[in-house]
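First the structure, which I've put down as structure tokens, then a few questions once you've had a look.
Labels A, B, C and D are assigned to the chains in the order they are written; within every chain, residues are numbered from 1.
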């Protein structure tokens, strides 16, 4: 599979950049994290790293080219030979998809249903470093917001098809039949009469049972659980190195970054037991085991198979369990026992290059973690002789928490512990044969 | 640090440069401080470098501009004070067709280290023909840097930079700033062009303000804070070059923008900021950009008639409320 | 627009409007450099001197401030003069008379005086005339309260706007892109008035609004053709007058399409494009489905060089590229 | 009396200008080069003589009709021609063109197409020279139209008030761009004053009127005034009355008087045709050539050798200019600020 590498937006205002230097040539093998080019903006020169292993296909932009617009394809990346037949090597297995957009029951627009010429960026390699300082806000056009307001739709529940994931008016309009079919829409479906406000051509299909369940649960969650969100940025360079080392050693199952995240979440929940809870009718239930539900997107809806006793699983074992659940989910072979219960949910949308997602809590859990893309970003590092700016592979983790069960202090402790666990993966017990450090002191 | 007025801080920068640069000419030095204030060092400079001082040139704005630009092209820096911006419009052919184009059109052979200083804004007791803030017009033409300082420290730092720059620079000051006091760094102090200053940090709305209106915005922000509205006040300090990144960063944070300045609305500073934000901070905008400018009519004489033309903290608060739905 | 078989050039349409008004109103005259026997450096006053003679078609020295002062005085005295400033670049030379006098006299006299004059001037890049004979300086007077501005794109509009400008009781600056002088189109015979402040939709569309002035209208129409081939339906709106600006039509159109690109031959920074972009971004905010885009001349002087000056003129390709960026 | 070395230098400079401008007109017809141009034919005596009188540190302002000034000041003809053709190797990277040709290394500060604009800048250059106090001066060239703009008066007033060392050289070719008012005997194209000098004279500025086709007259007046300037008697004004060259037309100058035939110097009777009067009476190259030839200060063979030398220079310039690439469109986007 060929992937496209795009000119990244390195600053909020950047519209174009100069391809100052290529560090690779067609045919070169690259590893995730390897610098492949230097991009010059009006302010600075930044390095562009590959986020995936592979082989450089074609360089589409000459070295020294000025004024290369953001999102222009600058190179193609082919899958590396050794991994071309191994899906597990993909650091972002497509099965791990979950996001509030999907979770809320509104699927991505069917391809071909759009009347406008749009190129979806989803197939692009997520190498776009996110700009700092931007407020965490769902990108949506004012027109989309107005439509959503008028129609009573939660804009955050939609997935944008516009540039850089912007929710545009068409996305709101596309969402309308899906929403209306959930309740009282049978009549509409039966008569085939489009709602009056829909002027554009559309198609309509009934939701699957899974889809209906998901729609109902998500709507209930958003309507009845007092959500609050906390976000933390984590440097995953160490985790990526560890993964590379472990994968290079060969014998165990191929690890994905998500495996490391789930593993760290399990540790953090174990260390922050007040997060591993559930609110139930004026009572608080604290679980003595960590069962992590991992969201997996299927065409007909979302499933959340549960990794039971996750805190007890060494990393290799956790990874193979994860793969097993994924495969069975995609093969529609999950048993009820596989997705029942759980104490906490992880939802990873990083493979789309999404920096940050704001999950809806998967009830009755007290917390759901949204995992963003791991991308190089400029970071300020305080040192002895002042603050300097460096580039690190960063990932944003966002916790949606039920404020009836947990508060900001607990969330903060949990996220801090999670950050420590991911940034110092060698300190994770059982993270592999090469982990030599003793346990860190109890957080 | 020393406490001094805006006018004194500006003159400090000019005086220092007159000492440092034996080729610099100072034209219109009589207007630098305004009619009442005294500055002993300026007087000393006027005596000591009499051959490089033209205290009160003839009322001939275009030729005064030519004098400064031609001298600058020759390698001798010049500062010319034009009194009021409303009169300096007479010199704009020289500004944009000579100073603004020289470097580009000569393929880089010529530089124009000239500074043009003038007062802008409503002149309280003056005739309409004396009241104008026409900086956006010059900004529409390439090649001229434009400084709009708001504090004593800034005018010193920005004037120092202007007097070291190889490019022509227009410095427009508001009369109500001249006597304003503040802490000013001692000695050599410069502020790079194109670096906005966040005068007050906030989360709910960005107020982009220039020159004297920075203080109006700050007062408005204070009142808004009492009502629980957190306003960020961004002062671009130079509008060419314009620190777009700082403005956009603030807008990305707050999602709401009010622009407060003295130029007329149509094709004014607010239009540029409005267009910039509508294109480049689109996804972060929660409300339309509001431009708070004097009305698009000439400015009448007299303080009462000028009331609608004065941007007050109340008006800024009102504008902010209108974007906080 | 009335149907008419007759096709004449934009230049001829302007001259026709002037001649018709001159015949109708003896209190009119035309003054400028080389506008009499020479009939203008672009032949833009052809026939006027022959018909109206020395008394009403007057050559001046190269003294813009002087001739414009004369015009303002004559207008205040009750005449309806047309003054020609050869290139809009030379507006810089009449700034005091324009900004501090023509624009303010009516207001400051409490309405006691009127200044019914037309300032006719050429804009636009082309023909390699260099940095001081190529600018489109209409953002300057637009920024000065008290002045009206018209900028036609077609021969019919040129005639109708000139007639309206001459009859207007205020100073009206009339901008012609000299690269459109020989553009031909249908023009109504006899009296034809295009009211100032009324935009014209030059092409209907539903997906994006292209707002353009003067010659840029034709760039926008070319872009609309190219966009149509890509399945995007572009509406082209020509405000025709810059002050007053028909904000209602502009905002209506953008509210319908949800997208806007403003195309302006002047410098982009602090220009007309900024004004229009800010205006529609404010007025149509809740209907915007994509960022409002601007295209104008880059922020450098117009080089005196054919290959270099080409980059100073917005192109249909740029417009198409901007629109495509709105779709991802 | 001009010494012979200087006289021959002036003559060769005039001949270079003439051959260069003939090439410019020829290229206009044969090379697709756009842009209007204003040639200096008929005014060579002014530029060549004044430049010969200037020092290296003197500063110069000029107008769209600048080619002669630039060449007489010794600027490389190849790069000058490249600029006129808008080529990337021109002095100004092709941005200035014919009307904006500016050569800083030769002392030119600005070549401005704004009528009268250079008069304003010239007093600034003079101010700089005054500050430097090394006796340097500024020469501002402008056409008769330059005084019609208000800035001309303003600048002369300031120059006179502050005794700025500027020599104002008004090259009155008695022709407007389109009006072609050659019939009014030199007053100016559109000026109410009897002579142009009346205006500076009213401000107390030393003023001369000179026959601009005569090297001797130009030299006499200019050397005297320049000397005065260097000694602090400033400013000064010269009206150079030149006779309009019949081929002068800004957008498309025509070589109606033909390629200058130096035989006309030693065989005056050979001059015939519609423009023989202009050539015999007002062509400064032929006129000064005849003076020098008659005075025995130059021989026919020396003139022929000079012509060949100049021809080679101009041919080399032509080759250089034509071989120069046009600038890329993007190159014009840089360099607005220093």
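Just so it is clear, a contact is a pair of C-beta atoms (placed from the backbone, for glycine too) under 8 Å apart; a residue touches a chain by one contact, two chains touch by 3 or more.
What you are looking at is a predicted structure, and each value in this text was computed from that prediction instead of being measured.
Colleague: Considering only chains that satisfy the touch condition with chain A, which of them also satisfy it with chain D?
Modeller: B, C
Colleague: Quick check: more C-beta contact pairs in A-C or B-C?
Modeller: Here the pair linked by more C-beta pairs in contact is B-C.
Colleague: Among the chains here, which has the CA centroid at the largest distance from chain B's centroid?
Modeller: A
Colleague: I'd like the Å distance between the centres of chain A and chain C, where a centre is the mean of that chain's Cα atoms.
Modeller: Here the centre of chain C sits 52 Å away from the centre of chain A.
Colleague: Centroid of chain B to centroid of chain C, CA atoms only: how many Å?
Modeller: 30
Colleague: Quick one: report the Å distance separating chain B from chain D, using the average Cα coordinate of each chain.
Modeller: 41
Colleague: Return the distance between the CA-based centres of chain C and chain D, expressed in whole Å.
Modeller: Chain centroid spacing, chain C to chain D, equals 38 Å.
Colleague: So which stretches of chain C touch two or more other chains?
Modeller: Counting only residues that touch two or more other chains, chain C contributes 89, 93, 130-132, 285, 288, 290, 298-301, 303-304.
Colleague: Pull out every residue in chain A that's touching 2 or more other chains.
Modeller: 141-142, 164, 166
Colleague: Quick one: which residues in chain D touch 2 or more of the other chains?
Modeller: In chain D, residues 94-96, 100, 112-114, 150, 330, 335-336 touch at least two other chains, as defined above.
Colleague: Please list, in label order, each pair of chains that touches.
Modeller: A-B, A-C, B-C, B-D, C-D
Colleague: What does chain C use to touch chain B in their complex?
Modeller: For this pair, the touching residues of chain C are 89-90, 92-93, 95-96, 99-101, 103-104, 107-108, 130-132, 135, 137, 139-140, 142-146, 243, 245, 262, 266-267, 269-275, 277-279, 281-283, 285, 288, 290-294, 298-301, 303-304.
Colleague: What part of chain C is in contact with chain A in the complex they form?
Modeller: Checking each residue of chain C against chain A gives 207, 230-232, 258, 285-290, 325-328.
Colleague: State the interface residues of chain C toward chain D in the complex, per the touch definition above.
Modeller: So the residues of chain C touching chain D come out as 34, 37-38, 41, 59-66, 89, 93, 127-133, 298-301, 303-312.
Colleague: Which positions of chain B touch chain C when the two form their complex?
Modeller: 86-87, 89-90, 92-93, 95-97, 100-101, 104-105, 128-129, 132, 134, 136-137, 139-143, 240, 242, 263-264, 266-280, 282, 285, 287-291, 295-298, 300-301
Colleague: Would you tell me which residues of chain A are touching chain C in their complex?
Modeller: Interface residues on chain A, with respect to chain C: 69, 71, 116-121, 141-146, 161-164, 166, 168-170.
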